[in-house]
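This is the structure I want to talk about, given as structure tokens.
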Amino acid sequence: MTPTLDITLAGIRMKNPVMVASGTFGYGPEYADLVDLDKLGAIVVKGISLEPWGGNKTPRMVEVSGGLINAIGLQNPGVAGFIGKYMPFLRKHDLAVIVNIWGKTLEEYAEVAARFDGVEGIHALEINISCPNVKAGGSSFGTTLESTAKVVAAVRAKTKLPIIPKLAPNVSDIGAFAKVCEDNGADALSLINSFPAMAIDIETRRPILANISGGLSGPAIHPIAVKLVYEAAKAVKIPLIALGGITSAKDAIEFMIAGASAVAVGTANFTEPLTALNVIDGLRDYLARKNMTRVQELVRSIRI
Amino acid sequence: MTPTLDITLAGIRMKNPVMVASGTFGYGPEYADLVDLDKLGAIVVKGISLEPWGGNKTPRMVEVSGGLINAIGLQNPGVAGFIGKYMPFLRKHDLAVIVNIWGKTLEEYAEVAARFDGVEGIHALEINISCPNVKAGGSSFGTTLESTAKVVAAVRAKTKLPIIPKLAPNVSDIGAFAKVCEDNGADALSLINSFPAMAIDIETRRPILANISGGLSGPAIHPIAVKLVYEAAKAVKIPLIALGGITSAKDAIEFMIAGASAVAVGTANFTEPLTALNVIDGLRDYLARKNMTRVQELVRSIRI
Amino acid sequence: MMRIENGTVVGHDAMGPDYRVLTLKLPEVAPLAKPGQFIHLRLAQLHDAVLRRPFSIYRADGNHLSILYKTVGRGTASMQNLRLNDTASVVGPLGNGFPLDLASSVTPVLIAGGYGVAPLYFLARKMTRRGILFIGGAKAADILLADEFRALGWEVQVATDDGSLGVKGLVTLALDAWLQALVPNAQPEFFACGPNGMLKAVGDRAISGNRKAWLSLDRHMGCGVGACLACVQKVRLSGQETLARVCKDGPIFEARDVIWED
Amino acid sequence: MMRIENGTVVGHDAMGPDYRVLTLKLPEVAPLAKPGQFIHLRLAQLHDAVLRRPFSIYRADGNHLSILYKTVGRGTASMQNLRLNDTASVVGPLGNGFPLDLASSVTPVLIAGGYGVAPLYFLARKMTRRGILFIGGAKAADILLADEFRALGWEVQVATDDGSLGVKGLVTLALDAWLQALVPNAQPEFFACGPNGMLKAVGDRAISGNRKAWLSLDRHMGCGVGACLACVQKVRLSGQETLARVCKDGPIFEARDVIWED
């Protein structure tokens, strides 16, 4: 019997628990020649702010051992630009659309959320409180419990869509951050964003990235992310979406055993655009081999 | 002209700024057939506690992408065992000996420090407040400012040796931790320890390590460590010893440009025991190529 | 339309001491290729690299596609180990490519630096007319394909930094001399691929002479397909400053559209 | 005394469908090797692996050292690509090795599981006397070197799980039958290398029969030289429980010293 992969996560129905991560898959059309979008559980689009935003200067990305550091700086066409330019395309596809949002102030977060409320074809908002690349907001919000609580509550007040705060990895006690999100109305959590990191050109003695530092993503961070997911799962009951260094079904399965209800593929889309599809197939094969009939059986199934 | 590599760091004179990291080079004799100890700047020995300590159950180590996770659990022969068994050997060698210490309580940290004060041949104490693998103390001390301050002050009160707190990487604001150490009498700082991390065997659905989780080290963490060193260097004036994923002179030079006065090679000793010697040679060649006469010119020389 | 495909190595030969030509069997990708487009190559040998490597398409003949590369870092170093029948994953063809429909009065003027000659050779083979190639490099060994261009009936002028072949100096020196001698009603249109400095210099000449120049930009890339925004270049589009993606909106830009910063 | 040395591949051959013998030229390491010791191998092909891989020494002849390996994961998979004249970094010889000075009345009894036969073959070649080898495996293809042992004058008894060669069942079945039939004043001493279950079973028989058993333990390793404490095994040393390092204090332990925990 073929195991079933469909899940309902925070009220969002998905045909499988495999998504593509914000910032690594554009807004949908970019990879559409290579990846059949209708096979994905969900797309999380690149972070959207109230107004169009230009992002950082180049160089914006550098490859390092086991990963890359990016400092794109959240370049995006703004709420109206995104809805006008990309939603018609996305609505034609059979996958959940989760919009990653950010703001430079609390008010902006709330306003962006308000603007998306009721827009046809959008299934949830992922709140980026943890981007290491925007100084004005992002990073600082996600690293104190107080500001995390405020952002989540502010967004909650403005939308009926499921909201999914995306946690910063560079905290000592991820459980406390997970809990404060749950307490303030989060429907699910995404973890994790990339790690603050830096590379220096030893010939020029300058930082390689124009932004000085950026966020590390890719296989390098996977074992850290698994630990954070495991800790967060102990702290909250709401479902978790895990990401960080997934390159194969094995990596995704580790996350689900540790506590995730769904997973997202990020950097690996660049390495191998078919990764998300391979994860779906590998997950199905694994469940069949293990005689599990529903993917839910895997979630939080760790044996200690 | 050959550039000079010798430095005096927190009063410790070293013929070069390249050390081997605690827990990755034993107590000296283990690698002595392969590595001429007299060529190293310093050895930081495996963490020592008041009494002998057995550590965790096996498996204690697992290889992951770009690194390994270890949960040795600080197995060691205790202060008396270490001094009796290893100091005679170490005293015969021409390198600085830094003893990494830890305790399960504040009192134990202080007591271990007291016991080492005045022991011939010991040049400094590195205080491990950040080991992710011992639940009773270690980890928790290094992740709050208050307990960090207390441990550093307690050790300071008991020794005239230079003291070097070793910081935990999993904090949001490394600068604050660096500062609180400086304010409480630290002579230098080591950063960073390994990252809390975890790997799960998807066949058994059990954690691979007997201790459930452990610490991630190796190339995977290098770009994160560079960023932390850069931030710490902005926060304090005391010298920094940088470690985390060094495999080549290039990695070490990045650390020094970012703010480190010295560096330590850890996991790479396992991969390639000659790494520290290669780093020394590579550093000398680099300085010569860049027309620098003293290695100090490199320290904190980042151009923003 | 782009594809992802595992290519089999069917040729891998040195071109002088520093360059190599890698030919892959790519029945899906090769037939789609246009001059100025590139492929994004993944090497199984480089397990731990998360990024693919972009290379201009040098030839596309039937099912075969070739690139011409120089070893500069760990990716290109590991490419050297590719042997016949090894495979490498390819995404492509990517990018916009050069415009091919020139007015009949136009003389194509190609300007190449180093491996920048690769896409220009593909362009020359696809153009029905002939023109002139200016090719520059550090030394004689960096001057590639000059004879092949001549065989196609193109004029070729060479410049090297050390004077070991052609005129000594920058390739724009040779170009300037040629421009000076142009008959008034000549209509040169430029196609350039090489280092940024060269592109900018060519662009400046085009703009001041009121000619078109198609510049192939070289930027570090993440996704290669327009999704990650790593490769952006400030451009002017219909009068408005905006950030174009070199991988998707480029790599070919008309000189007037490019806003060079420092 | 251990050394670090770059070995050049001088031989790489299949031994049956699942095993291979890799022979390296190691003029410094090879002459130091003793049976039961191992080397720690680093593969340039496996850029991103931070750990070396341990392999028992199967042969050491002059400057040449061989290991016999089975492909089980990514390290051993990448070893398969080693070709003649490739190099691999080796640290060795490591560990204590088997005792070689047996009382003259003693009959050596070797018990091997899978690739565990490799160090035992080296041991047999270095022993001046002959004895008996019990060798077990899942199927006929896992029974290696039986003829080579016979050629050295050893008796060989084979057991396979599927009965495709020798008796069907565990190797200890054959051993038990042999022990049963022993003359009273026989003095067998055991040397075993294989899976933990087998080692424990051999040890139990040795202890209950009041014989010695030298067991070669297989543990995941970090440094291989005694520095990292990844590979510890609980043992009894002079009556005291302590943690021994399998890489340095072992890999060979006498059965009475080993404290097995589930």
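So that you can tell them apart, the chains are marked A, B, C and D in the order they are listed, and the count of residues begins at 1 in each.
We take it that a residue touches a chain if its C-beta (ideal position, glycine included) is under 8 Å from a C-beta of that chain, and two chains touch if they have at least 3 such contacts.
This one's a predicted model, so the numbers in the text were calculated from it and none came from an experiment.
Q: Give me the fewest steps it takes to get from chain B to chain C if each step has to go to a chain it touches.
A: Contact-graph shortest path, chain B to chain C, evaluates to 2.
Q: Compare the CA centroid of chain A with every other chain's and tell me the farthest one.
A: Greatest centre separation from chain A goes to chain D.
Q: Chain A to chain C: how many Å between their CA centres?
A: 36
Q: Measuring from the mean C-alpha position of chain A to the mean C-alpha position of chain D, what distance in angstrom results?
A: Each chain reduced to its C-alpha mean, chain A and chain D end up 48 Å apart.
Q: What whole-number Å value describes the gap between the mean CA coordinates of chain A and chain B?
A: 34
Q: Check each residue of chain C and list the ones that touch at least two other chains.
A: Touching at least two other chains: 48.
Q: For chain A, write out the residues touching at least two other chains, lowest number first.
A: In chain A, residues 65-67, 219 touch at least two other chains, as defined above.
Q: Work through the pairs of chains, note which ones touch, and then classify the graph as line, ring, star, complete or other.
A: Ring.
Q: What are all the touching pairs of chains?
A: A-B, A-C, B-D, C-D
Q: Where on chain C does chain A make contact in their complex?
A: Chain C residues touching chain A: 1-4, 42, 48-52, 89, 91, 219-220, 222-233, 243, 248, 261.
Q: Can you list the chain D residues touching chain C in their complex?
A: 46-48
Q: Flag every residue of chain A that touches chain C in the complex, lowest number first.
A: 23-26, 30-31, 33-34, 46, 54-55, 57-63, 65-68, 70, 72, 75, 218-219, 267-274
Q: Contact residues on chain B for chain A in the complex?
A: 64-67, 69, 143-144, 168, 170-173, 195-200, 202, 204-207, 212-213, 216, 219-224, 226-227, 230, 245, 250, 253-254, 257-258, 286, 301-304
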